[in-house]
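These notes concern the structure reproduced below.
Chains here go by letter, A, B, C, D, E and F, matching the order in which they are written, and residues are numbered from 1 within each.
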Amino acid sequence: MLATVIPIAYALVALAFAMSFWRLIKGPDAPDRILALDTLYVNTIAFLVLLGIHLGSAIYFEAALLIAMMGFVGTVALCKYLLRGDIIE
Amino acid sequence: MTDALLALLVLTGAIFTFIGSLGLARLRDFYTRLHGPTKATTLGVGCLLIASALHFSLRSEGVSLHEVLVTLFLFITAPVSAHLLAKAALHLKTQSLAPPPASTAPESSD
Amino acid sequence: MNLFDHLAALPVLLPLVVGIVLLALRNAPLALQRGVSVAATLALLPLALALIQATGDGTHLVYKLGNWEAPYGIVLVADRLAAWMLVTTALLAVFALLYALTGIDRDGRHFHVLFQLQLFGLNGAFLTGDLFNLFVFFEILLLASYGLLLHGGGRLRVKAGLHYVVINLVGSTLFLFAVGTLYGVTGTLNMADLGVKLAATPPENAALVQSAALLLFGVFALKAALLPLALWLPAAYAHTSAPVAALFAIMTKVGAYSILRVYSLIAGEQAGPLAGLLDAWLMPAALATLAFGMLGALASTALRQQVAYLVVASIGTLLVAFGLGSQEALAAGLYYLPHSTFATAALFLLADAIARGRGEVADRFESGPAMPRARLVGGLFFVAAIAVAGLPPLSGFLGKVMLLQAALESPHLAWVWGVVLATGLAGVIALARSGSLLFYRTLGTHDTALEMPANTALAPAVALLALIVGLVIAAGPLSEHAAAIASQLKAPQGYIDAVLGGAR
Amino acid sequence: MTLFLAVLTPFVGAALVAWAARFGRPHSAWAAGAVTLASLALLVPLFPLPFAGETLIEQRDWMPALGLNLAFRLDGLALLFAGLILGIGLLIVLYARYYLSERDSMGRFYAYLMLFMGSMLGIVLSENLIQLLIFWELTSLSSFLLISYWQHREEARRGARMALAVTGLGGFAMLGGFLLLGHIVGSYELSDVFASADHIRAHPLYVPTLVLILLGVFTKSAQFPFHFWLPHAMAAPTPVSAYLHSATMVKAGVFLLARLYPALSGTPEWFWLVSGAGLATLLLGAYTALFKHDLKGLLAYSTISHLGLITLLFGLSTPLAAVAGVFHIINHATFKASLFMAAGIIDHEAGTRDMRRLSGLWHYMPHTATLAMVAAAAMAGVPLLNGFLSKEMFFAEAVHVAEGHGGWLLPVLVTLAGAFAVAYSLRFIHNVFFDGAPVDLPKTPHEPPRWMKVPVEILAVLCLVVGVAPAFTVGPLLAVAAAGTLQAPLPEYHLALWHGFNTALMMSLAALALGVALYMLRRPLFAWHEGGLGRLDARVPYNALVDGLFGAARRVIRTLDTGSLQRQVFLFVGAALALGIAPWLAGGTPLTGSRTGLPLDAVSLTAAAALILATVATVVWHRRRFTALVTIGVVGLVVSLAFIKFSAPDLALTQLSVEIVTIVLLLLALYFLPQHAAPEPDRLRVGRDAAIALVAGLGTAALAWAVLTRPYDTIAGYFLENSKPGGGGTNVVNVILVDFRGYDTLGEITVLALAGLGIVALLQNLRLAAPARDAAGRPWDPDTHPVIMATLTRILLPLALMVAVFILLRGHNQPGGGFIAGLITAVALIVQYLSSGAAWTHQRMASDSHPLLAWGLGIATFTGLASWAFDHPFLTSTFGYLNWPIVGKFEVASAMAFDLGVFLVVVGATLMILTGLGGLHRAEPVRKETR
Amino acid sequence: MEALIALVIGVLTAGGVFLALRGQTFPVVLGLTLLSYAVNLFLFIMGRLAIGVPPVISESAAGYTDPLPQALVLTAIVISFGMTAFVIVLALKARAELGNDHVDGLEHEEDRRA
Amino acid sequence: MRRLLPHPLLSATLTLLWLLLVNDLSAGALVLGALLGWLIPFATSRFWPEQIRIRPTGVLARFLGVFAVDIVRGSFHVAWLILKGPARLRPAFVEVPLDLRSDLAISLLANTISLTPGTVSAYLAADRKTLVVHTLDTGDVAALVAEIKQRYETPLKTVFEEGDA
């Protein structure tokens, strides 16, 4: 049953990725793009977890963990730039 | 049984992930778009992580709960990101369907 | 293992360790930092000489880092060529550093750390037997050189530095493409092993490995400042501080060294599809570079700029020798290498002293006030100019004679002779003009405010010129050693056996 | 050894002389005299040898590989020249002692003079051609110093540079000639060269060899068309002119003709080239000399003409002509040197050398006048003086050879030249010492100091005694010198004043008569000359040539080296493409190999599409900088996805962390860079760049494809096998990094440390204006550190640190390791800077990262060095398993210590870079943005 | 798949080269970043493409991909990170010293007026 | 005690998370986890000058329960709205007056709001007395504000601020 679901899941995640990316290109404003990038990061986490379940390997876990952290930092930095310009003050 | 549960979790997770991005793509202004990723996506990944935890705990002898860490991370960071994004959007006076209250536009530092 | 067994590794480890120590001592009194830095640089000399000694009989000292066999681990290989480069570097470094102690090392932060790590990079590049490791050490010596080049700052220096950095970053990218391709085809990175594997390249891969090897040549040509990739050098060298420019006299030689090292292993007579790979490219580029350098020397409007172009010319001469490729020609090039290094370095140091001594006009070719100690400085300039122009009786002349003689048997005879002799004359004309404008055409005024060049500032230049005199006096044994190096390069099998002996 | 010492003495003497000057002006003169005498004293005892028909050769190895030995030779020719150089040198030293004024530094003058003397001796005593060339060039250099001795004078500087350029040209040509000669003979030793004379003349390379060598000769001896530098060299002090430009340096050329006469002469090429140049020079010099108003100018052109005469003699290539040539070398040296010195005295006493102002000096300096007249008469070839004898022999040979080549032209021309010689000599005498009264001289002339005249007297007497009784005086010297020249038994000749009424005598008389007539007619002649030929000045084309050279150089450099980075990058990419593509053009190698690849899948396709679109977006929007930053973020994300997809978790982790840090860096930079990007300069450049970029893309894609579709065998297997047993880790990538190739990693962290240090150095006193508003002109948000962000990111810090430790510890066996852990730590701390500010963070942690770098590099390096203690090479790793109570069994590996070093360096460098950059804010009061 | 990855590398290189040829420092830095992505991918795939076989030794492993290129790329990533950081700061230094962000310090009209 | 073990609660949490992270409950892991659990707060104590006190009442537990449920509700709610399509949405900004004072409490409230039905905390007024919330689809604003205060703010206040005042 899992075996049948996983391809569908892959497809859904891929679509999600595509739509987030579309928003990133479309914009129109900087916040939209940052939000899209942030969402792309989370979509990637989803993909990695799927991959882990699919290949039965825990090797992708750290990547997911790292993306969660780094994606957040990226978002924070980008927003801070929009708000203050000087991100380390 | 567990297989069904796993499948269900995976599917739910994937669907929520999808819907989150769908909202991001479809909705009309930035503030409404913000909701999808912040909640749906986060929950979607949450489901997938739980599925993964379950999956590995069953496959190998020891329990696998480190997925909880990722979930925790996301649940702390997602709202903060959302908040900062909204704040930035308000600062940039991004076009909005709902009129932002006056209190969000303080006199700016020059 | 006693310390001698680590001999091949010491020239690399010493500057690294000292660099770290100096980093720890960054807040210690300047005198202490200088002491450590000078002592360490001086210590490189006996090490390098010991390596000359140890490799003199044709031995290859192979040092297996991490005790892993080649080609799996990285090996350091000290042969005659490596030792030769190390000695040249050590000698140059000592005097460049001594000049820096006149106060230039105070103009910015971390000078001594950067200087030691620069030596770490240089020596590492000369000793490594692994192609990817060569890339790593290129990056080390580049980044150190970025720091040194920009040391002190200033408008022109920063602009030149930016160009230098960007072009070298693009160069590094190309290096990786080339190394990658070579690995993708041969599955190895050890230069000796590459030599073996490439020699056995099947025909269906011929063009692939050829283009990889040529891309690699492109990188080395950039480092060596070979036309059309020489445009970064003049500004970069002309606008950095004197001791750094002096030290950089060896940097272009790293490119030349790499060409010699890598292509003697992978493109020698025995090298299958790669045999004679550079024949079509190296010689024309080298001749063009030589001509370009001399035209630059003629066109220059200030001394440091002129010396920078003379560096280009010297690399042109050097690569003409390597381009000829015969054992005699290589010997000529190898004898010329330390000469041109010391000569241009000395001239850079003098140029700085002159620029300081002439006040407002600095080293520009305009009539200015008569600088203090003009006789002494002028005399030194005269000698240095003779050296750089390759006039008798100094080693530049001997080197050129060796080169011209070696060209006698070559099909390029006419071109080589024509360009080398013509550029020689151009050099004389250019330098005569510079000297006459800098020292003779002075406005009678004796400006008392002018900075008197201190003995400490002139001594390093004097010492470098003394080294050149040494090259003349010991020309016999030195040229014979150069010939020995060349013969070792012409027979790469010895290197390959020494490195892969364990594995094969 | 003696010859070597004799040559060395003047060089050492130069230093001595300069030093002696400290004790007062005269001392350097005495020192110079002593040095000259010393050199002479060394040689004189050897002089008997050549007279006994022996040739002394001293040899010691120098560069055997090059065939360059220290080899000296003393034969008749060498003896003659050594004698001239030292003898006349002595007189010059004496003369200059009185000539130089108070303002002139004697030490410098005599030092240069000694250098020159040594070089000159070196030339004439050399046995090895390359060595000869070395001294040859040294004469050029030392004469540069001597001519430019009065460096404050424009004409002195110009004259010196011109002389150096012209003789330098000759020198380089001669180098070529000698190399060819050595190549033909197989040795540079003169003895061998003489031995294989016939082989040389027969050799296909004979002509180029000859031409190149003659270029050297002609430039040095001021032969047409290279004669023009000599008159300009007259800017030198007169003693220099007397020495270099009459007796010695200009004679180096003819010396070489004589030296190589046995080896090169006797071919038609030699005959026509040498005698042709000689004749032209003879006539041109003689003619021009007459019209020079400057005393030294006249002498200069007369010198040119006499050198032409000598050259012509050697060109005729009959033994007798050679003898005559040698003889004239001697005579010319004596009378010309004395004339120059006389001219010097006149200049010295009268304050001018302009013959239009100098007149009737007889009344003021009768003694000097007498000496000058004797010498001038010798120059004119008046009987009873030495000049007459050699000129007789010259005329005779001219006639004799002309008979051979059946022409009357040569005799006529040489007679004409003789006539002009008579005329200018007459002018020298009449115009200066008689011909009315002087015209407003700067000072009233009188006889010079006693000792200043002595050298002139000696030489004048020599002219006379040689002229009267040649056989008893110069005879033996000439014989031995001629023998040395010919390297063969001498021809039949006898030196005498009277040979009866022969053609030569007739020609001499004709020359005398015609000469007097020419001088009588000088007024119309001058008018005619000034109207025509006088206008010609060889300096004009020379300057045009030199300026042309500099101009051309400037143009070339200006067009090539524009100081544009874009051009440099373009050239580099172009060169790389040329190099990479060239081998494929030959054909024969298929682009696609035999290996079958992996199937495509939807997810990869989506990701790839996203990456490609994001890349395109970055390129298209690179001027909308913030947006470009977001799109390049996607590129990085997908690249790390690719790493994951293709089994490289470590790479993915690294890429992800680096990605974010880079974005933070770029944001920091963006704040200080201009908010608006400048518009593209021109469409053409954009098109050009796009084209080359496209080709580069295709190239790399093709390269990747070519490799991916080919099988290969790799050394990777070894790593997989030995990772666990040999390296003690199961994460092979990490084991390679910290063990198999730990040396690379050591270098890599050094690079990182260097980046940190370099950046710190760059940031030092870097001042940048902080923009007050964003790109759209909005003021920044007043809320510096949003509470919610600040509070919650603080919660993350301990979590992140824990994850970092986790990643660090497991690195050896699972994806992770020091580098990633370091980046995580750094990022965790950077977030604190982002959300709570630098000031706030620095209250809570050390702000100086240098110690981290030092410790990191230190730990890594000393872990490597530790293996020395166990007799292993640098970086040899070791590992073992400990079993502690409760904790249980766990691994300890030296590689882990190494990885800890990596960790510390990464944290240190990253913090150093980011905080350093972050510290740039509040650099100076906000000012208006400029791009 | 091989063709796809080759295409990706090609696009990254083309973009990188084009941006590296721009006149302002910022796009040049972006270009260098793209180039480093391109070459890192290139170096990585020199070990050929393999899915689900990471080079981490374990009994359950189906096989291992070539670990060496991965190690090389790791080193390359770190180095290019250091280089990028340096060039970014240098760009700021240049902007301060040259008064503008053109790689050759060429001023634009507005600045001459300013 | 305070200086040796600055944040006992944090230490405990970290030790637990470490065990999760390493996926291993062996003694070794526990020791190392405990070590880190002590070391990290110790090293970062200066980032946490103030002691976080939590009233260990059931309030916290109940709050977490509510929270968990609301996340799921929130997600389904949003999902439904998205699928329904943008046309039907009635987005609005709502100002929620705050009783909470401590940064931590306010931040947690903001997060909670963002993760629960139809709301995202968009803006915290400079005086920290009002939190501006964006809602996706609102009829009765007052009801929403009341719900937020009652459902989330009150428990958070009891947990983090009772007794502080």
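As a working rule, contacts are C-beta pairs under 8 Å (C-beta built on N, C-alpha and C of every residue); 3 or more make two chains touch, one makes a residue touch a chain.
Nothing here was measured: the structure is a model prediction, and the numbers come from that model.
K.L.:
Which chains are in contact with both subunit B and subunit D?
P.N.:
A, F
K.L.:
So if I look at the partners of subunit B and the partners of subunit C, which chains show up in both lists?
P.N.:
For subunit B paired with subunit C, the chains in contact with each are D, in label order.
K.L.:
Over the chains that touch one another, what is the least number of steps taking subunit C to subunit E?
P.N.:
Shortest path length, in steps: 1.
K.L.:
Which chain is most remote from subunit D in terms of Cα centres?
P.N.:
Taking each chain's C-alpha mean as its centre, the farthest from subunit D is F.
K.L.:
Would you identify the chain whose Cα-based centre sits farthest away from the centre of subunit C?
P.N.:
Measuring from the centre of subunit C, the most distant chain centre belongs to F.
K.L.:
State, to the nearest whole Å, the distance from the C-alpha centre of subunit B to the C-alpha centre of subunit E.
P.N.:
Spacing between the chain centres: roughly 31 Å.
K.L.:
Let me have the rounded angstrom distance from the C-alpha centre of subunit B over to the C-alpha centre of subunit F, please.
P.N.:
That gives a centre separation of 15 Å.
K.L.:
Please report how many Å separate the Cα centroid of subunit A from that of subunit F, as a whole number.
P.N.:
23
K.L.:
Mind checking the centre-to-centre distance between subunit D and subunit F? Centres are C-alpha means, answer in whole Å.
P.N.:
Comparing mean C-alpha positions, subunit F is 76 Å from subunit D.
K.L.:
Residues of subunit F touching 2+ other chains?
P.N.:
In subunit F, the residues touching two or more other chains are 17, 21-23, 110-111, 121, 126.
K.L.:
Would you pick out the residues of subunit B that each touch at least 2 other chains?
P.N.:
15, 22, 34, 42, 44, 64, 66, 69, 72-73, 76-78, 80, 83-84, 86-87, 89, 91-92, 106
K.L.:
Which residues does subunit A have that touch at least 2 chains other than itself?
P.N.:
In subunit A, 13, 17, 30, 34, 36, 58-59, 65, 69, 72, 76, 80, 82-83 touch at least two other chains.
K.L.:
Name the touching chain pairs, would you?
P.N.:
According to the stated criterion, the contacting chain pairs are A-B, A-D, A-E, B-D, B-F, C-D, C-E, D-E, D-F.
K.L.:
For the complex, give me every residue of subunit A touching subunit D.
P.N.:
Going through subunit A, the ones touching subunit D are 10-11, 13-14, 17-18, 21, 24-25, 27, 30, 33-34, 36-37, 40-41, 44, 47-48, 51, 59-60, 62-63, 65-67, 69-70, 72-74, 76-78, 80-89.
K.L.:
For subunit B, which residues count as touching subunit A in their complex?
P.N.:
Against subunit A, the touching part of subunit B is residues 3-4, 6-7, 10-11, 13-15, 17-18, 20-22, 24-25, 30, 33-34, 37, 41-42, 44-45, 48-49, 51-52, 55-56, 59, 64, 66-67, 69-70, 73-74, 77-78, 80-81, 84-89, 91-92, 94-95.
K.L.:
If we count contacts the way the header does, which residues on subunit F are in touch with subunit D in the complex?
P.N.:
Where subunit F meets subunit D, its residues are 10, 14, 17-18, 21-22, 26-28, 31-32, 36, 40-41, 43-44, 46-48, 103-104, 106-107, 110-111, 121, 124, 126, 128.
K.L.:
Going by the contact rule set out above, which residues of subunit C touch subunit D in the complex?
P.N.:
1, 6, 9, 13, 16-17, 19-20, 23-24, 26, 63-68, 71-74, 108-110, 113-114, 117, 120, 124, 132-133, 136-137, 139-140, 143-144, 146-147, 150-151, 153, 159, 162-163, 166-167, 170-171, 174, 177, 180-181, 183-188, 193, 203-208, 210-211, 214-215, 217-218, 221-222, 228-229, 231-232, 234-235, 281, 292, 295-296, 298-299, 331, 375, 382, 386, 391-393, 397-398, 401-402, 404-405, 408, 417, 421-422, 424-426, 428-429, 432-433, 436, 439-442, 444, 475-476, 479-480, 483
K.L.:
Within the complex, which stretch of subunit E touches subunit A?
P.N.:
Spelled out, the residues of subunit E in touch with subunit A are 52, 54, 56.
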